[in-house]
Amino acid sequence: MTEATVIGGSGYTGGELLRLIVGHPQLELGQVTSRSKERRTVTSVHPNLRGATDARFVHPDDLEDTDLLFTATPHGYTMEEMPRLRDHADTVVDLSGDFRLDDPAGYDEWYDEHPNPGMLDEAVYGVPELYRDEIRDASLIAAAGCNATASILALHPLVESGIVDDEDDVVLDVKASSSAGGASANTASHHAERSRVVRPYAPTSHRHQAEIEQETGLDVNMTVHAIEMVRGIAATAHALVEGVEEKELWKAYRGAYGDEPFVRVAKSRRGVYRYPEPKVVEGTNYCDVGFEVSDDRVVAFSAVDNMMKGSAGMAVQSANIALGYDEGAGLGFNGMHPV
Amino acid sequence: MTEATVIGGSGYTGGELLRLIVGHPQLELGQVTSRSKERRTVTSVHPNLRGATDARFVHPDDLEDTDLLFTATPHGYTMEEMPRLRDHADTVVDLSGDFRLDDPAGYDEWYDEHPNPGMLDEAVYGVPELYRDEIRDASLIAAAGCNATASILALHPLVESGIVDDEDDVVLDVKASSSAGGASANTASHHAERSRVVRPYAPTSHRHQAEIEQETGLDVNMTVHAIEMVRGIAATAHALVEGVEEKELWKAYRGAYGDEPFVRVAKSRRGVYRYPEPKVVEGTNYCDVGFEVSDDRVVAFSAVDNMMKGSAGMAVQSANIALGYDEGAGLGFNGMHPV
Amino acid sequence: MTEATVIGGSGYTGGELLRLIVGHPQLELGQVTSRSKERRTVTSVHPNLRGATDARFVHPDDLEDTDLLFTATPHGYTMEEMPRLRDHADTVVDLSGDFRLDDPAGYDEWYDEHPNPGMLDEAVYGVPELYRDEIRDASLIAAAGCNATASILALHPLVESGIVDDEDDVVLDVKASSSAGGASANTASHHAERSRVVRPYAPTSHRHQAEIEQETGLDVNMTVHAIEMVRGIAATAHALVEGVEEKELWKAYRGAYGDEPFVRVAKSRRGVYRYPEPKVVEGTNYCDVGFEVSDDRVVAFSAVDNMMKGSAGMAVQSANIALGYDEGAGLGFNGMHPV
Amino acid sequence: MTEATVIGGSGYTGGELLRLIVGHPQLELGQVTSRSKERRTVTSVHPNLRGATDARFVHPDDLEDTDLLFTATPHGYTMEEMPRLRDHADTVVDLSGDFRLDDPAGYDEWYDEHPNPGMLDEAVYGVPELYRDEIRDASLIAAAGCNATASILALHPLVESGIVDDEDDVVLDVKASSSAGGASANTASHHAERSRVVRPYAPTSHRHQAEIEQETGLDVNMTVHAIEMVRGIAATAHALVEGVEEKELWKAYRGAYGDEPFVRVAKSRRGVYRYPEPKVVEGTNYCDVGFEVSDDRVVAFSAVDNMMKGSAGMAVQSANIALGYDEGAGLGFNGMHPV
């Protein structure tokens, strides 16, 4: 058994990691840190884990050595602390944005100046569909952002196949859930204000754009709307390209994902669920992708659970690869219908 | 025109008062106070009023004399400040709980010791269906609590007709919306936590019970569940009485409410909407009531919009009566279908 | 008083017309037809109208002469029946798609061959912001489609000001509510299937595109997603144009809508509601529009209630203009906060 | 491996069985029948199973012998067909109501006259917490109704401990989700009508009352409200008993469920989740139970996922017991937070 410790266990992605660890056949839970919830039980925050663990939060200063360390902290923390954290574990999977970009200049633009830019090279971008081989040898894995995961996996086959390139206009209209905003309450997240919204919260750009452009090589025009949904990200990529045929698209998507355990091409001619939908993948590690084409546009759709394939699930998938376990270990939940 | 000022205009019931005042044929808006939002526009908080008013919040210390004063403040404020506030206006309608109970002892039990107990006698309980005549002459009106309004209007015909009396067991299972908890954000009200709940938040009693028992003379066993709803209160009263016939109930409800402009008996044999439902009265000043009977139980249902008939709407209805205006002035919205 | 009759009164836009008519100071309700609900009370279908009307549905074959006729029927009906219907009333406002397009060829492409193409010229497209003068003299008004209204009003100032023209790429990503699909139940609309969806239902084109292109002169790349919402349409128009400055946009939007009673520019630097949101305009006749700009893109947002500004509200606004009444008569509801 | 066949696999509980079977370590999927969906893929109806199975529906007339047969059919079907069905499998778990009542007279009252009353004695009521030993030897198991499961598990410790008996008044106010109404679309289930309801749909009694009274020995006053929720049942039992102390209740609930793998006592002094809530158990086989007490009332709360502990999950739990497998096999999903 591999011991796995979670830094930042009282947040949403931290809690999801706990759920996955306690249900994982090869992992056992080490420490769970939380500055604000020290000494309280994990289940007082994450009620779904009642009966599954009696762990309590410890202060991050009391961190002990472990095998596998997941960091689920706000942006800015691991950027500073990573050198120290890596002394505690052979493998670190960081769920924040602090090690996702290759180029330190990206941090100046989208986040803050990076205090450990030399370590960016060592970090592998934790999207197995793109970097499975690199993840196998990695000791520092940067799990992708939730909007980025959905967007990249929708666009990747189009780029790989040459259907879309950096000369083409791409509009990315992302629909995001409330949990993607984290666990801190504020007026905008107050239920009476946040319910039933279609709220443009990143009208002309979003930090995750930096990752998307890095990984796809495209310039994307990204907008994020908050909508009524607790979990889930739906990305719609509109690529303004002419004369593409549906069979090329099938070839591109099947080629890219035919062997992937956690990407499904969801495209049907009939039935209620003809394209990807976030609720279908809720609680699962799947990214569903689909597409449609007209004379002068390819529209690609994708859906992930932002807590799962969009963060904690992908982090465990990457850890499984790095540790040599079955890639799907602990990630077997199939999702529900109806839901 | 009568000038109406709102104390506590940045909260939810305060905002609803503003909406009703700016749409009222005989009222014009005076001041709107808010301690925390001073100098900001009203529409920066209540976006529905864009185009309807360019008012800005003023500090409560800057209160000027007016004709009609609505106080939409947290419990405890008017209890202290009412003597001073009444110097500013001939008519005060208080939306807090501070003047609802007749007996000062009730404040010791459910709130805090009342600093102005002598003024409790002067306050009229602002439910027109019970106290229309008293409201006509009132200078201090205490609008009822939202759960109380729904519960009292469901039970009132049963008590008036003698079908239920204080020897009978009555269980009151109330389903409440998130706006009933006010505008302050906290972890429990965070969208990701509050969404889709069925959450027992007042499992064995609720402050509004004091009003309900005062007005009905019954001992009620009250439980409030928070459910997925932004506006609305649904009260289900289970009265354990034997041998009641449906026609007695029709007589009781029609007798009580046949002439009431804002209480509708909602009971149909077929169709989708056979009983009261909160979404049907959303935005309106209606309380819909309905009932069903079995051998040993009468079940009474009611639905109100907690912002309207449950607070601001009822407050305006009472003010209309007190000022001699048409009782329904400014309260003409019929509600929507579907919604 | 003008008598107004509604054909197709058991549907959703028909029901909304009834609500507006019974609350209108110059209109009185004539007949309400419904083939399937003949002789049932209107309130058995539209429970919000309890107490407001005791009308019953009549069979469409029993249509009598009236002053003002609203047709809220499925596409295809008035196309055939309009000559006969116009014999019954001086003014007809059609809420279907049957008279919206100027060019009969549009019907061949998007609907069916039009049996009365000669009448298309007589119909005025019922968007007062574009055709107020023409509506004044019109006897046949074709109220716009809900997605089209939202899209056109978002794009109109960009086109008028020359910021966007037909050489520019425009992606239109529309988020739609369930009521926009009408009142007929089917598996896709079953609550357990339809709830919480982000469902691409018009992935690469939508009928309303024909109206949008006709009225804006643009080629638009339109996609419609069904999302969790009962009422409301949110349109996001991504126009790929470079070098536009924010002040030009302010000028364009204020110029277009500064005097419009039912279009509000919703754009704030702070607060929760910084852009248009459908829930803010629920139940109202407002279209809120807003925008944001980056180096190479203008993003325009709009929100309407599809039952109101997107159909019945706009139809009444147009009828008010045609009949010489105050343009906002019967349309005074300001919307709610929170909701 | 045990082969498991599902009759009625296109419905909601049928689909949930499929999900559990394909994820079960000792079960393999046999046939899946559906009259209306014959030859279509299972995933065309249940999109969550994409990648997990390529099974197709077969006509029920083509049923072959199998090891374990689950019947997820509308009430009335197995009542007639059970003798024939039992010829096909050694163990049958029936998810309909047709074999839940011991007394044929109950069928006359709540369903229809039972054509195979002699078989009622052979059926074991499939609630492991009450009948684990009987299930071990059973060849016919009648899984309980969803409302019944939640209600019985809330009440059972009160009855066992003698805190509540058949002289006491018990009001059962159940809040139910839309999936509990099945997969067939109708006007009442249409999204625009069903959304955000608090709808009394079984105002004074419900079929499941028969099971509850049979298993608890109490007379219950049951009311079911449909509320905004796709999955889940929340039962609130108000028992009007005086002088009960909290420690007695702890003893009763811990005594009843201390060793139960799928019942958790959810009761905390602080935190957001202090009592059972359906969303916490969504997708899981847990029934969470909790309670609170006042001078003259015990209020017991319970929450289940109606597809899981309320039907398919419980059916698999019972099958595991009957077949000698680990009782929790295939039921390991812990649920999500937030959700």
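Each chain carries a letter (A, B, C and D) given by its place in the written order, and its residues are counted from 1.
The rule is short, and it goes like this: contacts are C-beta pairs under 8 Å (C-beta built on N, C-alpha and C of every residue); 3 or more make two chains touch, one makes a residue touch a chain.
All of these numbers come straight from a predicted model, not from anything done at the bench.
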Contact-richer chain pair [B-D vs A-B]: B-D
Repeat of the C-D interface, chosen from A-B, A-C or B-C (over half of contact pairs identical by residue number): A-B
Centre-to-centre distance between chain D and chain A (centres being mean Cα positions), rounded to whole Å: 35
Between chain B and chain D, centroid-to-centroid distance (C-alpha), Å: 38
Centroid spacing, where centroids are CA-atom means, of chain A and chain B in whole angstrom: 45
Numbers and ranges of chain B residues touching at least 2 other chains: 12, 179, 183, 187, 192, 195-196, 230, 272-273, 277, 338-339
Touching residues on chain D, where the partner in the complex is chain A: 12, 15-16, 19, 22-23, 44-52, 179, 183, 230-231, 264, 266, 268, 270-273, 277, 280-284, 286, 288, 307, 332-339
Complex contact set, residues of chain B against chain D: 169, 171, 173, 175, 187-188, 192-193, 195-200, 203-205, 221, 223, 225, 227-229, 232, 234, 236, 238, 240, 272-275, 277-279, 290, 292-294, 296-297, 299, 301, 303, 338-339
Touching residues (chain side chain A, partner chain B) in the complex: 12, 177-179, 183-187, 189-192, 194-196, 230
